[in-house]
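Take a look at these structures.
Consider the two complexes below, in which chain A is the common component and chain B and chain C are the respective partners.
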Partner chain A sequence: MATFFGEIVPSFSRAVDDDDDEEESPHVATTNVRWSPLVRAELLQIPDGKLPCQTLIVAVGPAAAGFAQAFILNDDYYIVGAIFSGMEETDVNTFDQKSPTDKTCYIYRSTQIPDAFLCLCKTDVSAEQSYSFTEQLFSCINIESKYFYMSILCSCMTSEYKCDVPVSDMNPPFLRALKTTQFVGVPPCKYLEQPNLVSGLPAQLLTYAQIKEVKAVLYICYTETIYLDSASMKIFKPLLETTPIRDLIQVNPKGDEVINHLVDMYSLKNTMYL
Partner chain B sequence: MFVPGDKKTYCFKDYILIYPAVSVGNVAQLTADLLISTLTMHRAGHIQHPSIIPLVGGDPFAHPEATGCKIVTACEVYDSEEHKIVVIQQRSPFVKGKRGLYRQWLVNWIKENQFKRVVIATSSSAEERVDRQLAGPQFRFVASPQVEEMFGDMFRNFYEWKELERRPCFPAPAVVNSDDENVGELFIPGGGISKSLFEDLYNEIPVAICLMFCAEGDNVVEAVELANKLNKWLGLILFHSRSIGGADEEAIVKYTDWKIPVSWKLFFGSKFDQSLFH
Partner chain C sequence: MFRNQYDNDVTVWSPQGRIHQIEYAMEAVKQGSASLGLKSKTHAILVALKRAPSELSAYQKKILPIDDHVGVAIAGLTADARLLSNFMRSECLNSRYAYDQPLPVSRLVSAVGNKSQILTQRYGRRPFGVGLLICGYDSQGPHIYQTCPSANYYDCKAMAIGARSQSARTYVEKHLDKFLDCSLEELVAHGLRALRDTLPSDINLTTKNCSVGVVGKDSDFTIYDDDKMEQYLSLIEGEERSSRAPPPTDGVQEGDQEPMQQDGEGQADPQPAGPEVQQPEGMDQGP
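Coming up: the complex of A and B.
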C-alpha cells in the first residue's frame, strides 16, 4: 500500500493472513498426554476406558497455578498424568513444577476423593494447540456424571481489558467470571463485561464444557504486572468458598507462606532491580 | 462439527445460508452482527472445529442492562424460522494453514443440510482495486450460473449492482483496462475462504458472493452498506417507520434502523483520562 508520501508500506489485516492463501501447512505442534502406570492399570478395568470424574479444577498460567499450589494442592494429591505441549529443547525443566522455568502440565488426583482432579498447567499452550490439549485432557476423564463441576482459573493482563473506566482507575488485580448455561450458581465476582473476550486454552476448555453441556465456570484474574505477585494469586481466594472447590480443600494455614515463597522464587528471575 | 444447542435436531432444508467469510476489516462479521441482532435470530448451536482459534465472552447480543451470563464461543450458527435464513458467525481467525480443512467440512455440511441458496458475504482489500473500481459504488457481486439465471437481470438492471471485475491470471499480460471483464479469474485479495468456498459450491448449489472493497479501520460504514444490500435482495426487514393508528395516538414504529449489538462498545479500546491532554 502506498502512503501519501509514496513510500510502500505493507498492509496488515486483523482478519486474514494473505500469505496463507493457498499454502496449506497443517503442521501445528500436537499435545501428548501420558498417564501413570497406576492409572493405566485402572483404566483397563473400566469398560469405557475413562476415569470417572466429578470435580475438575484447571489452573492455567503461573498466577492460577501458584494459587492452586498454595491453597488446593496438598499431600493428599498425587500425579496421575502429564500433558506435554510446546516444550522446547532449550527449556530448563526440573519436572517438579517448583521452578519458575518449569514448563510442565500435571494432572493430580486426590487420594481421599478419587473422582477429584486438579490440572496445573504452567506450559505455554498456544491458541492453535488448545484444541488438541483439550482433547487429550478429556481422553481419559469421564465428565458425564451429573454431579460434574469444572472450574477453570487463568490470568490476563489489564491492558487487554476494555471498559469505560480509564486503566488508572481500575484497581487491579480483579476477578471476572464466565459460566456455561448448565452452571446455575452465582460466582463470587462479576461476569466478564462486553466487549471483553478470552482466547486460548481457557476459552477452549469452557467451549468444550458448553458443548458437552456440563457445569463449568471460568475465573479470569486481570493483573497489571508481568511478574508474579502475591496479590494476583490471592485474588482467587474467594473461590475457596465456591462449589466445587470448597468440597475438596482442607484449610492450609501455610498457604500464604507458599505464596510468598513462589513470589521470592519468581523474583529471582526478575532482573529489574539488580 | 456442528453441535446443536437445546438438544434439538435442526433441518435447514430450503433455508438460505448467509456465510460471512472472515475477511479484511471483518466487514462480513459486523454485517452478520447487525442481521442477528436486528432480526433477533436464535442461536441454533456451535461449530467446534480444530481450525478455529478458541474464544469465549459474554453474550454479544445481550440487553445493555442484562446481568446474566450466556457465553458466546468462537463460531456459532444462528437461524430464523420466520425469515428462513441461517447465519454462521465466526468470531476468530483460522489456525494458520488449516482453513482448507474447515472449508471441506463446511462444504459437506452445506450439502447435507440442503440449503436452498448460499450467500457469501465478504470484503476485498481496497488497495488492490484497479482504476475502474476506485470511484463509484464499492459493492460487487459474483453469481453462480443458477443465481445468475434467477437474479442476474434483477441485480444489474433493477438494483444497478456491478459484477466483480475479473482479472487476467498471473502469467498472462496484465490487461488492466481490458474491456472484456468476463475473461480471467476471480480476484478477492483479503477475502478469506470466500473465493475457494464459492468455487467448491459453484456447480452444486446456487451461490453468490456479495463483497465490499474496504481497508482496515473503522468498517462500520461498509458493514451497514453490505447489510442493506443483503436485506434488499433477501427482503428480511422492512425499514419503514410507519405509524399505526391515528395522529393523536402513539405511533408504533417497527424497525427504523439496524440494531447495534452491545459487543460493538469500545471499538477503539478503553476510555482514557482526558486530563492527559491538558
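Coming up: the complex of A and C.
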C-alpha cells in the first residue's frame, strides 16, 4: 500500500474476529533428543555428563545427508541418538524409520573412533527450532577438546544465490565455504561471497561454534534442481580429502551405487516436472 | 515467504522494471529433464531424456505428437504441457479443416506465444510453467522453435532446455556447422551425444531413459521409444564421452586448492587463491 507521500507501507489488517484469540495460542515447538541405552549408561559414568568428541560432522538436508550416507557412513557406525524436531503431516515416514526417504535425524558414532560423531539430519528444521536443535545436540556432546573439529554440510537453491553473472554461468552445482575464526585451514572451494547468507540450522550450528570458539567449517552446495540428483551429492566429494573428514573415512567402493540408489528413491516422486 | 515485495503477483512491476513472477516461472523449466532439438536441411529431430518411471505406473511421455508434421518436447510442469499440446493440436486440426493444409509451424508457435502472453498480464492467473521445443516440417522446410513461460518464442538452429542443458547447448554450438548437411542418422547421433553430455559420466543413455522424435519432408512426425531406440543408440555405442560432460566425482571444481591444513602454526590466508570464474575441465577433442 502506498501512502500519500508515495512510500510503501506494509498494510496489516486490524479486523479481528472473536474466534481468533482462542485459536492463536502460540505453539512453541521444542526439539527433543533421545540417546540410546548404551549411551545413557555411559553418560552416567562421565563426571560432566557429556560424551567426549573430537570430530563432529553434521549433514543437513537430503543432498548433504545423501553424500554422508554414501561416502562417510559405513558399517562401523551405529546409531547412538536421534533428534526429533517436529514432524509435519506431510512427512513420509516408515514405521521402522529405516527407509532412505524417511525424515529422520540420527546421530551416529564410529566403533573404531568412539569420539567421532556423524549427524544426518533429513528433517526440515525450521528457523525457530534451530536454536533448540543445536542446544539439544550439544547437551550431551563435549566440544571442549582442543582437537575438536566440526564440519557442517548443507545445500541451497541457486535461485537464492546472488552474483553479478548469471548463475547458469557458474555451472551449478558448486560449493562454497564459511568457517569460524578458530579454524585454520583452506577449504577446497571459495568462501561464500557477499551478499549471500546462510540461514537456518546450518547457520545456527556455525554461530554456536564461533561463540564457543571451536574449529568449525561449513560447506554449502548450491544446486539448481529441487529434486535430489547425483551431481548435488557428488559435489561434496573433494571434502573427503580434507580435515576433519579424511580421518574418518574408509574408501567405499559402493559409494556411487548408494548415490544412484538414493536418486532413484527420491526420483519416483518426480512426476510433476517432466 | 517472498524474496521481495514485488513478486507477489504477475501484474506487479518492480522498480527495476522486472516482473519477478515471470522470471520465477522460467525456473520451472529447469526442473524438467533435458530436451534437445536439431535440424538439417531435410529433417528436424527432438531428443529427450526421460525420468525413471515408477514401477507401478506407466512412464509419462516427454515428446508429444501434435500433427503429422509437428511434435513437441516438454520441460517443466507436466500438466501445463498437456494443456498447451491440446491447444496446439486443436489449432492444427482447425487449419486442416478450414484450409485443407497443414498449419505453418511459425503460425502455430505464435499462437502458443499469444496464449501464453495473456497469462503474464492478467491478475489472478499465472504463467505456464513449461518450456517447449517444437519441431516441425512445412513448406518452408524444417523448423525448431523454443517457447518459454515468458511467452517469448525463438526460431532456433538448435536448442536444448531443461536440467543441465547447458552442456548440451555447448556441444551443439561446437558442431553447429555440421548439422545442415547431416543425414538423419548422423543428426540423431549428434543429438544423442549432446544429450549424453547432460548426464554424469557414470550414467549412460539406454533405451529406457531417452526418446527421439523425427519429422522430415516425406516422413510424418514419428516418436521412437524403448526398443525402437536401439537402432539410434547403436550409432554412438562405444564412443568416448566428451570431456565437456559434467565431472561428477574427482577433482575440485573451483581450481586447485591445498587440502585443509591441520591445526597448527599461523593463520591461514582467508582468501583462497584460484580463478574467479569457473573453467571447464578440458576442451573437447572432437574432430
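Keep this in mind: the second predicted complex is superposed on the first by the 236 of 274 C-alpha atoms of A that agree within 3 Å, B and C clash if a C-alpha of one lies under 4 Å from a C-alpha of the other, contacts with A are read in each partner's own complex, and residues count from 1 in each chain.
Keep this in mind: contacts are C-beta pairs under 8 Å (C-beta built on N, C-alpha and C of every residue); 3 or more make two chains touch, one makes a residue touch a chain.
Note that this is a predicted model, so its numbers are computed, not measured.
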{"item": "Touching partner for A:251 - first (chain B), second (chain C), both, neither", "value": "neither"}
{"item": "Contacts of A:44 with chain B and chain C, given as first, second, both or neither", "value": "neither"}
{"item": "First (chain B), second (chain C), both or neither touched by A:204", "value": "first"}
{"item": "First, second, both or neither for A:131, with chain B first and chain C second", "value": "first"}
{"item": "Touching partner for A:231 - first (chain B), second (chain C), both, neither", "value": "second"}
{"item": "Partner chain in contact with A:13 - chain B first, chain C second, else both or neither", "value": "first"}
{"item": "Which of chain B and chain C A:194 touches, first, second, both or neither", "value": "first"}
{"item": "Which superposed partner A:162 touches (first chain B, second chain C, both, neither)", "value": "first"}
{"item": "Overlapping contact positions on chain A, where the chain C interface meets the chain B interface", "value": "165, 168-169, 191"}
{"item": "Contacting residues of chain A [partner chain C, same complex]", "value": "8, 10, 146-147, 149, 159, 165, 168-171, 174-175, 184-191, 215, 217, 224-227, 229-231, 234-235, 237-238, 241-243, 246, 256, 260, 264, 267-268, 270-274"}
{"item": "Parts of chain C lying in touch with chain A, wherever the complex brings them together", "value": "5, 24, 27-28, 30-33, 51-52, 54, 57, 60, 62, 74-79, 81, 163-164, 166, 200, 202-203, 246, 248-254, 257-264, 266-272, 274, 277-278"}
{"item": "Residues of chain B that touch chain A when the two form their complex", "value": "3, 22-26, 29, 46, 48, 50, 53-60, 62, 67-71, 73-74, 91-101, 125, 127, 189-192, 215-216, 262-266, 269-273"}
{"item": "Complex contact set, residues of chain A against chain B", "value": "1, 11-18, 20, 23-28, 127-128, 130-132, 161-169, 177-181, 191-204, 206-208, 210-211, 218"}
